[in-house]
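Labels for the chains are A, B, C, D and E, by order of writing; each one numbers its residues from 1.
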């Protein structure tokens, strides 16, 4: 049912698709962001820090809860495992110890899946956290790389490219040292390919972090 | 000793760091050392394939049951592999009774991902009649004793059980159109790849292999690498946690490759011993 | 389970009474309370019955529906039990409070009927592997006044006795089989309930055991033995209930008592059912308000 | 998390304002908030904004076998989700009373009004029909969920296109969008819900209540109607008594509102279709206003990945290669093996028991028993004991295997010591 | 059908291949199942090991020669959950029992995972309650969970034995150990068979499981049903079972003693475990 819009043809150079982000678009959550990357679109709403259920309370740090809602049907095991990855990524970045005995709830709604969904979710989450004003030790971004049969790297693949790829690797990269926060792979690849993808992702991360910075700049420029 | 026990309870992090300073761990292992791995196959006779794996105290039993089903609509020449990890109350008091919790679900999905990524068994091999009949392999992994590094144990139990599977011969009766099963004629599965997992924890920028439950609780992150016999990566699974450089990851991979060889040797010997008798 | 709280003195009083074979309501140890049985009380079921045993009030409806036979038993129909513990019976059952008791009772019923002799399930098969009758037996607890299991088993038996399943014919076409329902509403199958067992619960109080315990007596008993007895006096199910243990010797005694009492119970139930049946349409329906 | 309650002060303020025919956001009594409809890139995907209330709708379809009693009808399924994103009071996965009520109302409004021609969804009678599933996600809750949800549902249904199918004999062929243009659903009419909130026992009435107004209202009347002014469902809740005239007035207002909204929907649909046909840009990205300072956009960015290969090689070269020293597996018994001699584990001889089974299969006797004991480390010491001595309470681990084999001794065994039991072990294994 | 969203989904329906074995072949298989008449009083060789789980307070594993493998763990005592805050001071502790089967434990079709067996869980609880001094654990709950890894017949009896041992291993105060035996009556009539194997159990006309507190000679649990029989026949079965339980008792005691000894020698530092375990056994 996909009607993917054509990508600009940029020759063979790997490229990120168009990125568009709107922050604070929802009135109820403490922080929200809509992230559109190519045709993939994700909405995130964040509540917190707020009161926490006694059963989930952690005495020395905030309790994170991540909910990933698929567009069709109910969340299943797949969503649960992605939730866990995003949650642990956030836990590593957000300074949870500043908000002990409280909860931070992140709700991610998939709006359109047209490839690189996990990395879009990560990016949306980061922008949402920024909008919610939660203290973080660094920013993070998600980058997806697809490897085709010849071992060529495609950054930020669209759905069709993802399906044709031999392997799809998704990394979360932090902004402080460009290290790997999270990694998830689909398909199998060689060690060399993995290292190349990591290096490529780190390059792409620069662009995304610049986007974060420009977007924050714009947001606060007219005050 | 009593004093040390108290220290361990009150300041678990500091207690652990003292050991690491001496390049060893509270249970006497080195940082890169796996616990004793014991594998037993075929002990559950009600299952079509089974294996019990012990990794130190961590114990996982995997039973595989094969059943018939109609192939999925969108790929009529494929069977199913349904992996599920169960963490019952029995294995650790940290889990609640009832339906699988978050960790069990994440582990189930990880297993499903690895099976898909590595193509350990081609789903096409499980098809009996195109569009009509296929095998479903229900692979249920139950943790009996939870002392860390669940994924490695599950992976190993799964692979060993898979190698132990014997499927009966099936023919289609021309008259009735129904399947007929011959239990006397059994064949093993064709196993295409042999994925083996190696898990690490990140602790103060150190990489520690095969963590116990206690170590996992203290760690700031985990990494699981799954490799196949060609040294290809079937999964580089790092669900968040502390950051890691590419170079560090490379160290993990090297250790995982060695681990793969060890486990493969173990399983080969095991299967051979089963066949020999 | 629905229970009452008794003081120590009350318990001692009851226990001494039992010792003397004289219970609080004047019965002796092997006496049942007065039971009211009425069948065909719910019009849109295939069979129904209401049993009132002292303060215990049970309504059972049986509904026959067409279903497919189970794979392992291709030429048998099946019985499905569901027990609803209505919050009317006791406030404890509100919300999901009655669920546990409900499944316990349903499981016991499955256990009693899970053998070949109780009901001829082959009679319920329409054509093997394809169609059979599934009898849904719904039990509704209206009031709990002790000895639920016995009362329910009586009501189930009465309802099955009352059950009428329409006759169907299987027409073989060249294209396939078609099922035709008989037009005559009186053309139906009746079930043979001669071998349907009844439950007798024997509660151990002090050194003696009693049948048909009231709520108060149940509170005094630490352990009881549930047995199901057929009209011929054969035992089909045996189960220890409660948190206490039983002396082997007393179990033997209880089994004998159970057999004796159960036989009596069956014959009186059958008499009542037959009498009611013979009245035919002339029978005055008492219904709920009676 | 619980909803923050409204203070008495706020409540009084709101009610007083309503008495004075004023609303907090400056609307008149019969005014709707702004309605905005935007479409995603997929068919059947839309976001409806009613003021700040926001609902995401997505329609999907699947070929299924029909219900036995309706062999020629497709199946419609509605699912409204109150996502915790919309309000902190919504818990994930819980069927709250509100949710059940809303879902029921939606079903009555859209399914029972027969606005979708379900018979046209039949592919092969009794065999295959389309199941149309409408998923609605509430993204932001600012009052009047039902109106927004009903608009989103009908818009998504109108926007949706299902794959074309053809039937030849028993073969059903499904066409991809490239092969054949997907087909729209056949929709008879468009029912839309309009909510009226009543205050002070029905004295005052407001259309399209906001979330705060909902909290102080006494009752709610929902009327679903299509543009032909046919009422599809009507429901009053909250336990207020309404006069006949009030209901009639409401239905009149509904007629006007539905006509307006229907027109808006049709305009939005036509617009989207036009853009798609002309090959212009569409999707949610186009609906974010660019001038907002909270929104930011970059076009496609190329990434320089020239030297990644070198970088990767460098890392691999620097890393220490996998160790070639391998632990050697030890085979304890057929089917049981071990590597590493690290820590002792408390499971000890668990698999010994398993080995017993193998014993049955293999016609082996003592040799396996020997193997078993080896597992525990201190080899032959205990073995001898087992065979002859029956039991010696030594501390060796394998003693834990207590095997009762009463076939040797029979009857009157109430006092059998288990010495005998173990003694009888030997003949048995020989038998095997 | 409600889909399970917490597990990896499989196909909607699947059947066991055993249903498709042609009946002619099945007949050929049947005779060995009806083994030549065995001694009805014979117990299956039983293997018991106590204290093998590292994470549980107490644990036991019981295996029967017929293939039945049951693992049981005890957790607690811990603060009683639930109660809704209403009741409060319950004078007696609660015993929460769970009886589960591994999906692959049975012959034939795979059982759906996670399906608790309420009836057997209850049977477990009612049979263990008389053995535990619950009055010593006010407001607390003890959790017993039994997992059947393979059912080769007499699974409930094996679970009861294992549960009794696990409770003792956990240092829970007991009146007595629990020994349990299963019985079944073959369809052809005739004598009751003690500790039946799976094939015997499957064909049986009637089945019975008896749990006994051996040193007190009290019947703690009784659960059985089947084709009707005179009370005398059941009484005979009960006697046979009681005898069987008494014969099992020394074995169970022995395995418990072993575990206590091992704990004492292996970890003299952890006085707690070492001291508690023997206390439990001598108490019996």
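One rule holds for everything that comes next: contacts are C-beta pairs under 8 Å (C-beta built on N, C-alpha and C of every residue); 3 or more make two chains touch, one makes a residue touch a chain.
Owing to the predicted nature of the structure, the values given are computational and were not obtained by experimental measurement.
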**Request:** Weigh A-B against A-D on C-beta contact pairs and write down the one with more.
**Result:** A-D
**Message:** Using C-alpha centres only, name the chain that sits farthest from chain A.
**Reply:** C
**Asked** Which chain wins if you rank chains by how close their C-alpha centre is to the centre of all protein C-alpha atoms?
**Response** D
**Item:** Where chain C and chain E are represented by their mean Cα positions, the distance between them in whole Å
**Value:** 29
**Prompt:** What is the distance in Å between the mean C-alpha positions of chain A and chain C?
**Reply:** 60
**Where chain D and chain E are represented by their mean Cα positions, the distance between them in whole Å** = 37
**Request:** Give the residues of chain E that touch two or more other chains, as numbers and ranges in rising order.
**Result:** 6-9, 15, 52-54, 67, 69
**Request:** Check each residue of chain C and list the ones that touch at least two other chains.
**Result:** none
**Prompt:** If you look at chain A, which of its residues touch at least two other chains?
**Reply:** 74, 77, 80, 191, 195, 198-199
**Asked** Which residues of chain A touch chain B in the complex?
**Response** 77-78, 80-81, 83-92, 167, 169, 172, 174, 177, 179-191, 194-195, 198-199
**Complete:** Within their complex, chain E touches chain C through residues 15, 19, 108, 118-119, 122-123, 126-127, 129-130, 134, 205-206, 208, 213, 216-231, 233-235, 238-239, 242
**Fill in**
Note: in the complex, chain A contacts chain E through residues 74-77, 80
**Request:** In the complex, go through chain B and note every residue touching chain D.
**Result:** 27-29, 33-43, 45, 52, 54, 56-57, 59, 73, 145, 246-247, 250-251, 253-255, 257-258, 261-263, 265-266, 269-270, 273-274, 276-277
**Fill in**
As the complex stands, chain B meets chain E at residues 1-2, 5, 43-47, 50, 57, 61, 63-70, 72, 80, 82-84, 86, 88-93, 97-100, 104-105, 108-109, 111-112, 136, 138, 140, 142, 144-147, 168, 170, 173, 178-184, 213
